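Chain nomenclature is as follows: A, B, C and D, assigned in order of appearance, with residue numbering initiated at 1 for each chain independently.
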Amino acid sequence: MNGYRVQLLARYAELLGAEELAVDLPTPATVSMLTDALRALPGGSALPAQPVLARNLRIAAPGDLIEPGDALALLPPLAGG
Amino acid sequence: MNGYRVQLLARYAELLGAEELAVDLPTPATVSMLTDALRALPGGSALPAQPVLARNLRIAAPGDLIEPGDALALLPPLAGG
Amino acid sequence: MTSLTTDPIDPTALGALVIRPDHGAVTSFTGHVRNHHGGRSVDRLSYTAYPEMAEQECAAIAEEAMTRWDVVVAIRHRLGDLVIGDIAVAVAVGSAHRAEGFATCRFVIEEVKRRVPIWKHEHYADGTSAWVDPTAGTERRESEET
Amino acid sequence: MTSLTTDPIDPTALGALVIRPDHGAVTSFTGHVRNHHGGRSVDRLSYTAYPEMAEQECAAIAEEAMTRWDVVVAIRHRLGDLVIGDIAVAVAVGSAHRAEGFATCRFVIEEVKRRVPIWKHEHYADGTSAWVDPTAGTERRESEET
């Protein structure tokens, strides 16, 4: 098991009641393992089935591997501009 | 014969050495009669064969009639913007 | 260059950043806070970002535009509380010719809306508020978005 | 509204004229004095107009645009002496959506260049000067004009 820190942005921070969470996952861990773990948390059921995760400032695919120390952030649908 | 006052703009004022000229023309007079008369003046030979004339703030055709009291202006090729 | 700001955006100052002595054209777009959205009356809103990624995306968009066209690009997006009429986003493009200025400016604002991680929380006249989700209700989005 | 001015043009102020509370987009174009033209080095230039007709044409262009699209249009053209980088012409378009903002802004600047009786007298680095004639030398015009 390894620990991962995830930032939650905008509406997702409200849903999960935190701007950052720590999640433990088996190794090797994928993006979808992390997002599934987040969806299992209180408030997490309102997340989409495959919420968008940024890994090191780039959008990651569900099957991408993540590593402890990665900058991870869960992004609601963008609404800038 | 009637008298017509014509404004000369930009380069055409330089060519003809005046910002406004008075020209006498037989009645009825057309745009091309006026522009031909201007081309016969000193410096006027550098004008194009059919220079653009505005009559009452609208571009006129060579065959259009002009009347004394019309706002007449000879316009070089536009270069705004 | 920093694209995110909590200060009011000044289009004149932004345009001055992209003008070169050999360039004759500056094409700009500013997106302003509107008084309505999705049929509801909006009083004010606040923008929040994932700042590190938003800065990186803005820089990447400008870089892509400047690779594709012979232009200079500046992007600003305001964060925090805004009221009706305030400028939320501004794009300025300096170019030699206006055709490429218009093409670049349109490209950049489309990419900013598509790629930059920024979110909008609207406060309505009836006292309620909501996060804007452009993926919810395609019809509304097409008719409402600037 | 008066389109001709001898004062410096402020894009921020012009944009403020076209923004309505229900509009989210302002698209702008500014044309600036360049340091070269037709292969010659330009120091400064002066613009002169046939003012009554130029005002009428600017008003007519704005009116045509506002008939064709649901937009608010402002046009400014500066007259008199300008130096490199100065704004010679500015168009600002307020709209609900950005597509019509871009379309209108492009239409207006094209029409201003095509129809508004204004002339440009360029002063070159070598001390000479000339009236610009866009009809003389089509190739140079296409490659040089903003």
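Here is the rule we go by: a contact is a pair of C-beta atoms (placed from the backbone, for glycine too) under 8 Å apart; a residue touches a chain by one contact, two chains touch by 3 or more.
These numbers were taken from a predicted model, which means no experiment stands behind them.
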What is the touch distance from chain A to chain D, in steps?
-> 2
What is the distance in Å between the mean C-alpha positions of chain B and chain D?
-> 26
With chain centres taken as the means of their Cα atoms, state the distance from chain C to chain D in Å.
-> 24
Could you give the separation in Å between the centres of chain B and chain C, each centre being the mean of its C-alpha atoms?
-> 50
Indicate the residues of chain C shared as contacts by at least two other chains.
-> 31, 109, 146
Could you tell me which residues belong to chain A and also touch two or more other chains?
-> none
Pairwise, which chains touch?
-> A-C, B-D, C-D
Residue set of chain B touching chain D in the complex reads 7, 9-11, 14, 54, 57, 71, 73, 75-81
Interfacial residue positions of chain C with respect to chain D in the complex = 10-12, 15, 19, 21-36, 84-85, 95-98, 101-102, 105-106, 109, 145-146
Footprint of chain B on chain D - complex, ascending | 31, 47-50, 52-54, 56, 77, 88-89, 109, 112-121, 131-136, 146
